[in-house]
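Each of the next two complexes has chain A plus one other chain: chain B in the first, chain C in the second.
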Partner chain A sequence: MILGLLLLHLAVCGLLAASGRRLGRRGLLVGAVPPAVTAIWSATRLGTSAPQTAEVTWVKGLDLGLTFRVDAFGDVMTLIVSGIGALVFVYAHGYFSPEAAGTGRFATTLLAFSTAMLGLVWSDSVWSLFIFWELTSVTSFLLIGHKSAEGTALAAARRTLMITGGGGLVLLAGLLLVARAADTTLISQMLPAHGASAVAGAVLVMVGAATKSAQTPFHVWLPGAMVAPTPVSAYLHSATMVKAGVVLVAVLGPALGHLATWQTLGLAFGIASLLWGAGGALRHRDAKLILAWGTVSQLGMLITLFSAGTPKATLAALALLVAHALFKGALFLVVGEVDVRAGTRNVDELGGLARSMPGAFWTAVLAGLSMAGAPPLLGFVAKEAAIEAALALNGPERWAIGAGVIAGSVLTVAYTVRLLVKLFGPGPRTEPARRRTATAAPAALLAAAGVAGYAALGPLLGVLKSAAGRLAGGAEMPTLYRWPGLTAALGISLAVLAAGLLVGLLVTRRQVRVPAPRGARWSDQCLEATLAFAKAVTGRVQHGSLPVYLVTMTAAAALATIPFLGSVGVGHLFAWDTPLQAILAATVVGAALGAAAVGTRLGAGLALGAAGITISAIFVIAGAPDLVLTQLLVETVIVVGFVLAFGRLSRRFPPVGLRWRSVRLGVAGVGGAAVVVGLLAASHNPAGAPPIAEMVSGSVGEGGGKNVVNVILTDMRALDTLGEVVVLAVVAVGILALARAPADSGSPAP
Partner chain B sequence: MIAARSAIIRLGIGAVSPFAVVVGCYLLFAGHNNPGGGFAAGLVFGAVFALRTIAGLHRPAHGIAWVAVGALLVAAVSVLPLLWRDVLLDQYVLAAELPLLGAVKAGTSLIFDLGVAAIVIGVVLAVLDGLGATELATDQTPPARRSVPE
Partner chain C sequence: MSVALLGAVGGLTAVGLYLMTGRPLSRIVLGYALLGHAAVVALLIAGGRAGRPPIAGRAVPEAMANPLPQAIALTAIVISFGLTLFLLSLARRQQALSGDDLVEDDLEDRRIAARQGEPDEPPGPSAP
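Right, the complex of A and B next:
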């Protein structure tokens, strides 16, 4: 079933890619089918405890392959990813105008993201997890850059890819270390890991998770990503993709949760984002940016609770995870509808929409109250549980988490109040355009789900408990309350609501200055500085002088033989097999010296040819006809090449200064000595008897040929030959590229 | 340039090249049991192209196409065995009794050799093209001598 669903996604993806242009906006409705099917499947599975697995093996010995496992937690995540996915597809059908360009491409990419995200939450092996992780980064990049004509969209897309993609690489390193420490690549089978590599891996994994889940200071990409069409912001950048880091922290909790480093780092990221994000949400005027900063804050809360790791905190985090996906998705969809119908998202230019857009108003109020944590909504249950979990901790964590959660909640209430009042309360009146059913219905459904979750808390609790049990290692689970009674947590909760309302109304009155996107600018500057540095290094290293390249290569190759100096021996050497070899060797030496000494290019070419052909004579004596043939042919082609090249060059070599000549002499001498050292060392230390006999018998038997040399080339060592011809092909491409490059460009091509 | 100066070279190369092609083909097929093989055959064909270019009988072009065809052949022979759950680069030998030729034995390594030969030809053509052989060979006036700085 798992593989079937993934294949269904891929098939529809292919269909959309092939016929997206013809389908246009209707492609979005086609794209809604696979998520809808998946959502129904996961809904039927809710509450069943048996995990479902699937496996595609690639290389068995290396544990390489795709391993999927859908357990109770996976079901919850699947329902969020696919359920909201299907709604967002329907919403996007109303969001885009029928004439909008590129909706087919948009539908394809959005479905590709949906597939990658499903793969991510279903992955059990660290390899598949990493692959799908990076795939979500790439599809997110494409979706943010959807309006590719806008410079800001491209800059934001690039920033996102750099931060989340780079974080993915950090994650890969971390996962490798963790897998090594836990001695398995399957996440579901990891036991608490210990040792230095577990600690290092935990740090890297947490940093990777923080980049994806927009934790301070890596959050700078998320506000910029709001240039994407609103369906993307609702789906990727609030409900699903940014949850990937949270999911990772959650599923690795059993393996790493006991490490103090993991917990401290997670709490530091979480609490910092919780407060910094909420502060940002209070200051912006763009409704989407307010929601984006709010997402940073909520994600911080989730990371905090999952890092705390107690059963209570885990259950609270799960409830918040579900509630956040519902209310934040609904709010984004409402803001998108306002954007489409009123033509702006700036809250200072909007107002009085309560009367002109009643549907959107009630949806936003329900979702907003859930975000603020007011009863009778799912957000209230989650917030209540979070405060309860913080109070139940001991030691300094109790104070840190408790203060963070309470302060963050006050600010959350404040920015919710500000957003709702500014949008729907008194202010400049805007006349919205006609209502589109497709945009209103999904938002209303999501907001209503928040109420339904509160009303039907019993069944929901069962699902969340089994999911949390999987994450907290089967510990005894607490319970969630619709109405907890008169507890300290309820008192705090009500105080938070009152304080938040007060702060929110005060802030709404005041005009705040919108902060400059300093973090985004810094990250862009870092990237540009890196590129400039790379360009400078390239300019220094790739200077374009052929003789200097040659000298550098020879010197480097000579240095590589230094380790072999110790194993040089001369005891096994003998003068010759036949005296003829001595004569031929002397001829080669003479020709080589002549090539170096002669002043004309033609003379040097002829001397080199003489050396080459004499070497082929040495091969004749050694009884190697294949080598002779190849050597002669190569010499022939080289001579023809010289003839052609001489047409372009002066007859004599250009004069050389004394210093440069001595450098070249020195490097040539060292290079020659290095070859001698290498040969002496290799022949003095044979690694066993040469495998001639096996080769010969294998050649006739297996290879079906009598010419051993060729059977080695095309059969026994065919992989080497394959590599060599690939090198040849690359050389051919390189030569043509060099020859056709504009001759006047002084700097290397970018 | 040489073509313009020397009719002997032009005619000689024109006359010899068909024989050289035959020799190349022989090397290609003989390689399995006797000296020869794809690399040597490719060099012979490459030398034919190079000599004909010097004589102004041929313009080197499509080097990349040769390389691409060769790479495709080599890659196909290498990867196809995997589809039948064999090892990468495993080879099959066919033996048949053909009219006129008698007993003939050929393996998939022959296709591999063909690919290697095509790549070598492509490299030679690319080098000739890169050296600007066409202008040199067809230019009636010798090009201006210029010294190349270090």
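Right, the complex of A and C next:
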């Protein structure tokens, strides 16, 4: 079923890619089908506890492959990803005007993203997790840059890709370390891991999760990504993609949650984002940006609770995860509708929409109250549970988390109030354009789900409990209350609501100064500095001089032989096979030196010939008659070729290339020594005597030839020899082409 | 392993590298050919002691030289022969075009190096 659903997604993706232009806006409705089917499937699975698995093996021995596992937590996430996905597709159908360009492409990319997100949620092995993680980065890059004619959109898309893609690489390193420490690549089978590599892996994984989930200071991409069409923001930046990091922190909780580093880092990221994001949401005027900053804040809360890791905190986090997906999705869709109908998202220019857009108003109020954590909505249950979980902790965490959660909740109430009052309260009366009502239905559905979740808390609690049980390693689960009775948490909750209302109304009255997008600028500057550094390095290293390249390469190769110095042995050395061999060796080196020293081209060519002929004499001593014949033949042709090639040039070499002579000499000497070291190290431990007798008998018996070397070339290694012949043929064609090219046909220098 | 041949390999490599790092293409060809010689001799001494030619019937296998490195060395000779000739014809072509055989710096690389201070493209406006 898992693979079937993924294939359905891919097939529809292919269909949209092929005929998206023809389908136009209707493609969005086609694209809604796979998520809808998946959502229904996961809805039927809710409550059943048997996990479903699927596997596509690639390399068996390395545990490489795509491994999927849908358990209780996976069901909840699937319902969020696919359910909201289907609604967003329907919404987008109303959001884009029929004439809008590129809707087919949009539908394809959105469905591709939805597929990647499902794969991410379903992944069990770290490999598939990483692959789908990066796929969501790439597809979200395409979606954010959908309006590719706008420079802002492209800059934002690039920033997102840089931060989330870079975070993905950090994540990969972290996952590898964790998998090594836990001794398995399957996340569901990881037991609490210990040791240095577990700690290092935990840090890297947490950083990777923070980039994706827009945690301070990596949040800078999220506000910029609001240039995307609103359906994208609603889907990616509230319900799904930014949840990927949270999901990761959640599912790795059983393996890493006991590490102090993991907890501390998660709490630091979480509480910082919780407060900083809420502060940002209070200061912006663009309704979408307010929601985006609010998302940063809510994600911070989720990371905080999942990092705390107690059963209570995990259950509260799950409730908040569901509630946030519902209310934030609804609010984004409402803002998108306001944007389309009123033509602006600036809250200072909007107002009085309660009368002209009653549907949107009630949707926003329901969703907003859930966001603020007011009863009777799911957000209230989640907020209560979060405060209670914080109070139940002990030690310094209790105060840190408690203070963070309470302060963040006050600010959340405040920015909710500000958003609602600015949009729907008194103010400059905006007259929205007429519009079909299909756009409003998905948002209303999401907001109503928040009420339904509160009303039907019993069944929902069962689902959440089994999901939280999976994440907390099967610990005993507390319960959630629709109305907790007169507890400290309730008192705090009511105080938070009152304080938030007060702050919100005060802030709404005052004109706020919109903060400069400093974070985005810093991240852009980092990127530019990296590029400048890369360019400087390229300029230094790739300067175009062939001699310097060769010197660098030789020096690097010589350095690479240093580790072999230890395995150099001299026990197997002997002076020579015959004394004549020593004389010949000296002669060949002398001829080579002559070729280098002599000033005329003809002289150098002759010295080269002398060296070659001496080599063939060495072959005679070594007992290699075939080599002797070949070498003599080849050497003759090369000397003739040398004379032919350079015959028309001046007799002497041009007096250049003398400047770096000492460097060249030094590097050449080092290179020669390195080759000697390499040979000594390699020949120190011969693998027994060569099986000459077998080769001879094989040559006669199977190859039918007495000359063993010839049989090896033409029979045993016939394919290699064929390749060699092909090389020679290609060389011959090249030489022919070069030789016949007319003298004036050279391309002019650019 | 024969020290004499080991010395020949080292010497040929050093001289070959020295010649290849020069500017005139004719010297680079010389250096390349010498490096080829060094490689062939290195293959040969990797096979063990010298011996009788590895031809069945002419000697007992115990007295024969190892035939396998010889076969590989033969391939090496032929390939380096082909490439040397190709280099030579490149050199001849360059003479026809520029009148000498000096290897100039790569113009494209030079341009990249000269551009290092400039931005890649005008930086995009930052998001609101």
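In this section, the second predicted complex is superposed on the first by the 550 of 750 C-alpha atoms of A that agree within 3 Å, B and C clash if a C-alpha of one lies under 4 Å from a C-alpha of the other, contacts with A are read in each partner's own complex, and residues count from 1 in each chain.
Definition applied: a residue touches a chain if its C-beta (ideal position, glycine included) is under 8 Å from a C-beta of that chain, and two chains touch if they have at least 3 such contacts.
The shown structure was predicted, so the numbers you read here are calculated from the model rather than taken from an experiment.
Student: A:V726 contacts which: chain B (first), chain C (second), both, neither?
Tutor: first
Student: Should A:L644 be classified as contacting the first partner (chain B), the second (chain C), both, or neither?
Tutor: A:L644: touches chain B and chain C.
Student: On the A-aligned overlay, A:A260 touches which partner chain: chain B = first, chain C = second, or both, or neither?
Tutor: A:A260: touches no partner chain.
Student: First (chain B), second (chain C), both or neither: which does A:D715 touch?
Tutor: A:D715 contacts chain B only, not chain C.
Student: Between chain B (first) and chain C (second), which, if any, makes contact with A:T630: first, second, both or neither?
Tutor: both
Student: Among the partners chain B and chain C, which is in contact with a greater number of residues of chain A?
Tutor: The partner with more contacted residues on chain A is C.
Student: Let me test your reading of the model: by the given contact rule, A:A50 touches which partner, first (chain B), second (chain C), both or neither?
Tutor: Neither partner.
Student: First (chain B), second (chain C), both or neither: which does A:V551 touch?
Tutor: The answer is second: A:V551 touches chain C but not chain B.
Student: Using the superposition on chain A described above, determine whether A:H543 touches chain B (first), chain C (second), both, or neither.
Tutor: So A:H543 only meets chain C here.
Student: In the overlay, answer first, second, both or neither for which of chain B and chain C A:I692 touches.
Tutor: second
Student: Using the superposition on chain A as set up above, list the residues of chain A that contact both chain B and chain C.
Tutor: Looking at chain A, the two contact sets intersect at 545, 547, 625-626, 630, 634, 637, 641, 644-645, 648-649, 654, 656, 660, 706-707, 709, 713, 721, 728, 731-732, 735, 738-739.
Student: Across the complex, what residues on chain B touch chain A?
Tutor: Spelled out, the residues of chain B in touch with chain A are 1-2, 27, 31-40, 43-44, 46-47, 50-51, 53-54, 63-64, 67, 70-71, 74, 78, 88-89, 91, 93, 105, 107, 109, 112-113, 115-116, 119-120, 122-133, 136-137, 142-143, 145-150.
Student: In their complex, what parts of chain C are in touch with chain A?
Tutor: Where chain C meets chain A, its residues are 1-24, 26-27, 29-30, 33-34, 37-38, 40-42, 44-58, 61-62, 64-68, 70-71, 73-75, 77-79, 81-86, 88-93, 95-97, 100-103, 105-110, 112-116, 119-120, 123-128.
Student: For the complex, which residues does chain A have touching chain B?
Tutor: 545, 547, 625-626, 628-630, 633-634, 636-637, 640-641, 643-645, 647-651, 654, 656, 660, 703-707, 709-711, 713-715, 718-719, 721-722, 725-726, 728-729, 731-733, 735-736, 738-739
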